[in-house]
Structure formats: structure tokens, C-alpha cells
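For reference, the structures are reproduced in the following blocks.
Two complexes, one shared chain (chain A), two partners (chain B, chain C).
Take a look at the complex of A and B:
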């Protein structure tokens, strides 16, 4: 399979769509946690999965809570949410959680709300619909991330990467939206339809 | 009045419970962590208003809603989900839900919901 690339115009349109989607997600998550949140401007790139895994190695800290949630439709893929141990403990303190199970539950719900609100809005902007699976969670040492089944299902991915930051609570998470190979072509088509409508 | 709060996430249930209790005080409130348990509660405890998530294990909210409507077609169901796509909204409204609202629900939003239904 030849590598697919996004043109600057396509990236620009996707960036704009994501800005709208992230604005929506930020508001929803901030309300959910009753805290002021910011999401960094999403960084968009097409890359080989192996390169993505190398990028994960650059995340700070040694161990992460790692949760994923798949979405299917014309635009299919998976979101991957990382939150380091220290941030997870700060989240637990902020929410006054009583056990590790409660913390897992909170991270899963955060993943669900982030993924759904982001992807729902992005799908709306692209005039399509998606369905969501249940999120799942694991606590992963960095060295084992490459073995995760999630990443074995992708050869090439569009990575939409942003940081979720609750500054006062010292909570940082990083979310990646991974799209499957077939969806990258679909996405390129859709972005060009949007572009043409703007011309 | 009896209420049922259905969500697989404890955090989501507690958030909703907190908002609900602001307005209904000591009313009887049941909780369910999936659609199957929720359907049993609807059958046995006969709540008046159900808050229902869509994405849940064992039985999702769509199937649970259909089963609840078979048990009591006048049941008031508020679907509470992060997924607010039009198709999801159409499906749950066509199945008999009164409302389809986006998570999370704070006390102000809860008041609006209770006034509407």
C-alpha cells in the first residue's frame, strides 16, 4: 500500500474541523470534572504505526493508564487516551475517589466522554455518523505499548494528537484519534468535498 | 416519585445522582450499571422516570429502552449520553424516550429536564 499523505489544504480543513470538535469536548469535560480545562491545538499527521509507537516512547513518565475506544462508520478508528500515574492520582484526589476501581471507572468515563464528544462533533462536520464501542483500560509500562492489540490493527494512521490539561489540579492527559487505513481515503475525499464547497 | 439512574460508570451515576438529589431530595432513586439490570428494576420497582446511558456492557441503552417500553409504554425515559448524533437522537425518540441530552448533567440542566418531562 502506498503511503497516503494529506495536502496542506486538506490538513488545514481537518485542523479547522478539529478545532470546533475540541472546543465542544473541552466544555463537556470541564463540566464533567467541575474544573477549568484546556485542550492544546491538535497536531495532525499521517504516519506509519511504527513511527507512532516511537512517538509514544517520548511521553514523559514510566507508566500510564491507557484506555481505548473504537468507533465505526464511514469514518472508523479508535481513540487512545493516556494519563500518567501522577495525573491519575491527582484526578482521584480531585474527584475524592475511594479505590483503584473507582479511578479506572473515572478514566473510562473520561475516555468515553472525550471520544464521543470529539468524534460525534467531527462526524457531524463531515456529514456522517459513527457508532461507539465500550472503552477499555489497561495500566501499561511504556515498553509494552507496542504489544497492545490496538496498534497491531493499523498500518498507517492519521494521528490527531492533543493534550488535555487541568492546570489547577495538575492533571495532564494525551488523546490520539487513530483512523483505519480505509478511512484515511474516505477522510481525504470528504475534506476535498468540503474544500470544493468553499471555493 | 421513583427514579432510576442507569450508567455503567459509577462516576457518571454519582454525577447524575448529585444533580437529581438537588431537586428531588429524598425521593427513591434506584441505580443500575447496565441495561439488563435497569430493565429488571423497571419491571419490579416501577420507577416513574428513567435516566439511561446508551453505551453500556451486557445490554446497551437502545435495547434496554425497547424492553422498558414493552413493559410500560408510558414510562418517562431521558437518554443521557456523550453521543448526541442525530441518528442516535432519532432512534431513541422513535423508541419512546422523552429526551436525549448530552452528558454531563449539572443541577441547572437537571431542573430544565424535570420541568420538561
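Take a look at the complex of A and C:
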């Protein structure tokens, strides 16, 4: 199967949609954490899973918190959120969390907020609906990510890579939206409908 | 119409209420101040708290374990986003404390819960908490985690063992097409090869110089039959230096028991081979020495029959000169000479037989063995006034390499005779005893030729050690020990007290022969 690629126009539309979605997400995250936060402009790519795994390898830090959340609907897939150990500890300090479990819970909340606000908004713009399952978390050394079954399920992924940056705290996280080939095609069609409407 | 009225009936009935009270989930509706507006039947039953008793109360007052700050954060986020937020059982354990008393999940005091916080009425800022019992799931998850840990540990051990094998064991793997697929680090290090020099090569091509003919055929036969096979062969390192390897080829199977190739484990036996070669040289030397001794024994043996022939001839000569030679005397003389010559010939045959290396096991009785052994020594014993006593149980049979054993026995008896010659005294005796045990035969050779000094008895079986003042090669007893213990799989010990020396030989009744390679 030939890899599906997004044209420059399609990418532009998706980028616009993402910007809107992330504006929304930033406000929610800022409110949730009671701190001024910004999200970097999302970087959108369609890539093969193997290339994505290489990208993960380039993330710095020895161990990462890695959480995933599935979303279902016409546009379905899974989001993967990475936050390094140092950022996670800073998040814990900021939220005055008492235990490791509380920290895990906060990371899951962050994953949920980012996934929900991103995909819900994206779905709204594309005239569809998505539902979310509970997120799950695991703390994995980066070396083991390549063995993770989650990534083996996807031949290609849309990577919407953004950084979560706080003004006072050093908290960086990256979120990747993983969708299967079918959803990428669906997304491509929807983007073209929007494009035609714009013409 | 009927369908429409049914639909209408369903919509107008209190279906939601009925469902909500019967589903297997807890449902609480809260406002922004966390006051309880709804508490479903499921929760009433599980917490033994009636809805009427808590309506309008803050959830934090009812359940003091709840972290209000976190709950408020989750609620406001859900209301802000218009999508659910969550508590997960794996990280937050539970929100509403519900005691459980199931045997299979006795690790937990409280039910593990997933909680979804759903915006119920955004305008009125009402949210619904949907509680799902995940106790079994978490219990299974924990069990799984524990087992994963065990598997990880086992895997680590396996990896370590694999590394140890790689570092220490000489190992080559080949597939069904005889292509080398893997080779251990130890192998590469010993032979100075790079892995890439060896991988993907044909095993038989690589080893063709030293793996051919019958050995190759036998190896291929065992491979075809998927049987384990041991073989010794030479191999060379990257610089051409030769090594002796004892190889064991073992069929390899995959997880589905499909035959995928072979593993060849090799043991470097170069040093052992050198020792063996050295031993063989020593044995050859000793054989030459023994031959010398034998010749002197034959000379001794021949002296008397030769003088008999001489006498007969002299008698014939005299009788002829005196004209007294009749046919009867001639016939008698011929017969005597014939007999004596036959005896001489027999002596030579015996001599030849002793030095013929026989590779076939022979069944022989112990007394016949000693009969053969003393054939050449008897006259020397008689000449030196040595009494020879045989006390061997009759019909004890032994299956062994006869000539090698006879050679050893002659050696031992000759030692006793020589000891008597060096230290002659009255009442000289060599006694041989033989008796049978369940799997072994024991032979004792006892002499009273003066005994052996305690200080040297421990060195007596070492090569080049001799107590004889002349003509001693120092190999006799060493060779006896090598033959009896290494070739005949027996045991030889020596004891000495006062003037008596006792040599004890234990031999298996039937020698189990290892296949010669």
C-alpha cells in the first residue's frame, strides 16, 4: 500500500484547524493548572511508524512518562503524550501533589485535556463526533518504546507534535496523535471538502 | 402507527430512571459547589447511604477521603471543555470508599473505580460522576504485572546465561542447508576470526580439509536422522594453527518443534590430545623395552631345547661313527627334534602374539590368562628357586583386551622375579589370587621379595621411576597403570608391608568399549 501523504493545501487547512483547537486547549490547560501556559504551534506530519519511533529516540532524557488515550468515531485513533521525568516532577511541585499516584493522575488529566480539546475541536470543524476512553499511563524507558504494542498497530501516523510550555515552571510535554490508515484517508477527504468550500 | 406509539411510549416512560437505577454503575450528580443532587440505587446499596440523607450535602462532607481540590479541578476542566475528565482506577484507586470482601481480590480493602466526570448541564454547572467497578480488572492487572516481573527476571537470567554461553562456550549454529547462522564470541576469540568471516558460509565447505570420508558420512547420517553425534576433528585458526576439537552436534528445533538446524558445541581438547600423543610415545618406548626383556626371556627359554637338539645331533653323529645308527634311533631322534622345534616355534608365536595390538575383546578365564603370562617366565622362576602359587577360582571369565592385560601381568611378575634376583633369600614365593565380585574381577599378585620403602611407594607408578639397580627403564609400572586404568577401565593399587608386596588389580568383567573415532 502506497503511503498516504497530505498535500501542502491539506496540511495548511489541518494546521489552521489545529491552531484553533490548540488555542482552546491552551486556555483549558492554563485554567486547569492555574498558570500561564502556551502551546507551541503544532507541527503536522504524516509519517511511517518506524520514522516516528526514531523521533521518540531523539527525545532527550532517560525516562519518560508515556500516556495514551483512545478516541473513537469516524475519526479514530490514539493520542500519545510524553513528558520527561524532570517536567513531571515540576508539575507535581506546581500542583502541590502528595504522591506518585497523584502525579500519574495529573499527567493523565493533562493527556485527556490535550487529546479532548484537540480532537473534539477538530471533529467539530469536520462535522463529526468523537468519544474518549479512559487514558492509561505507563512509565517507560525510551529504549522500550519500540517494543510497545501501541505503535505496532499503526503503519502510518499523523503526528501533531506540540510543546506545552509554562512561563514559570520548566514543564515540557509532547503529544502525538496516532491514527490508522483508514482515518488518515477520512481526514484527507474531509480536508478536501473544507478546501473546496473555501475556494 | 403501532411502532410510533411504542416509540412514544418508550420516550414518555421513565426509562432513564429505570435504567439508571438498575445499571451496574454508580452515578452522582454534583453542582459546582460539589453539592449532591442525585445518588443512584447502586451507590445506595454499595455504601449503605440513602439518597435522602445526603441530598444537598457537599460530597467532601460525606466522604472525607476525597481530595476536594483535585475534584474541583477536574469538574471545572470538564465544564470548560464540554468533554469528560476522569479518575482512573490504576492511579487514583477509588473515589467513593466501598468496602469489598471477595476472596479472590482480598488484596484490596476498597473497590477500585474508574470515574468519568461528564458535563451534565453546562449552564447550571452540573456534572455527573459515573463510577465503574474495576476491582477485578485491577486485580488481574496486578497479577499480570507480578507475572511480567517474574518473566522479566527469568528473561534476564536467560540473557545472562546466553551471554555466559557466548563468552565461554565454543558454539556454531547452522541451518538445514548447513549454512552457518551464528557463532559464539568464545569461538571467534579462540580462533581469531571475525563473525563476518564465518556467517553465511557452508559448514562443510569451511571444514572440508578435516571433515571428509567416513567421518563426514557418519556426521551426515546422524544429521539426517536428527540425532546427537560426537566427533573429534582438527580445525585451524585464522593463522593456520591446528586445534583438536571434540564436537557434539545437536539438532535444534523452534518453538513449534520444527527442525531448524543444528548446534555444534565444541570442546578444545588440544592439550588432552598432546598428553595422549605423549603417552602413546611412552607406551611405544615401553613396548620396545619390554621386547628387549622378552628376547632375553626367549633366549633363556631356547637354551634348554637347543641343547636338547644339540645333544640329539651329537648322539646321532657318534652313533653313526660307531656304526650303531639304526632306523629306530633315527626315527626317535627326528620325532624328538620335531617336538623341540615345535616348542621353539610356539615360543616365538607366543612372543609375537604378545606384541600384536589386538583391538577385539576376548573372553578368557583368569587361570588361562596366567598360564599364558607365565609360560615364558616359568623357567626363570625355577632357575631362581621361586615358588609360584596360583589360587584362582575356577572358571572366572573376563572380556577384555587379552594381550594388553597379559603384557601387564608379565611386567608385574617379571618385577617380582627381578626383585628376588636382587635380593635372594630362602622361601621365595609369588602367589597369585583371583576372585570374582558382582561386576568386577580382582587379581592379587603377592611376593615376599623384600617389600617397597614407604617413601617411594607413592611414586612407583610415575613414568621414569625405577627401583632397579640396572636395566630399569622406569616405564614398566607406569605402562601397567596406563593399560589397566585407561585402556581396560580397571584400577591398580600397590601395598607393601615388611618384606611383602601386594599388587591389587580390579577389572570390569565386561569391558564396555567406546566407539573408536
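Methods note: the second predicted complex is superposed on the first by the 199 of 199 C-alpha atoms of A that agree within 3 Å, B and C clash if a C-alpha of one lies under 4 Å from a C-alpha of the other, contacts with A are read in each partner's own complex, and residues count from 1 in each chain.
In this section, a residue touches a chain if its C-beta (ideal position, glycine included) is under 8 Å from a C-beta of that chain, and two chains touch if they have at least 3 such contacts.
Quick caveat: nothing in here was measured; it's all calculated off a predicted structure.
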Kindly say whether there is room for both chain B and chain C on chain A in the superposition, answering fit or clash. clash
For A:129, decide between first (touching chain B), second (touching chain C), both and neither. first
Is A:68 in contact with chain B, with chain C, with both, or with neither (first, second, both, neither)? neither
With both complexes superposed on chain A, which partner does A:90 reach: first (chain B), second (chain C), both or neither? neither
Just checking: does A:156 make contact with chain B only, chain C only, both, or neither of them? Give me first, second, both or neither. neither
Look at A:112 in the shared chain and tell me whether it touches chain B only, chain C only, both, or neither; answer first, second, both or neither. both
After superposition on the shared chain, which partner residues are touched by A:137: those of chain B (first), chain C (second), both, or neither? second
Indicate the residue numbers of chain A shared between its chain B interface and its chain C interface, in ascending order. 28, 31-32, 102, 105, 108-109, 112-113, 116-117, 120, 132, 134
Which of the residues in chain B end up touching chain A in this complex? 8-12, 15, 55-57, 81-87, 102-104, 106
Enumerate the contact residues on chain A facing chain B in the complex. 28, 31-32, 95, 102, 105-106, 108-109, 112-113, 115-117, 120, 123-124, 129-130, 132-134
Report the residues of chain C in contact with chain A in the complex, numbered from low to high. 67, 70, 73-74, 76-77, 80-88, 90-93, 114, 116
Which residues, counting only chain A, touch chain C once they are in their complex? 27-28, 31-32, 101-102, 104-105, 108-109, 112-113, 116-117, 120, 132, 134-137
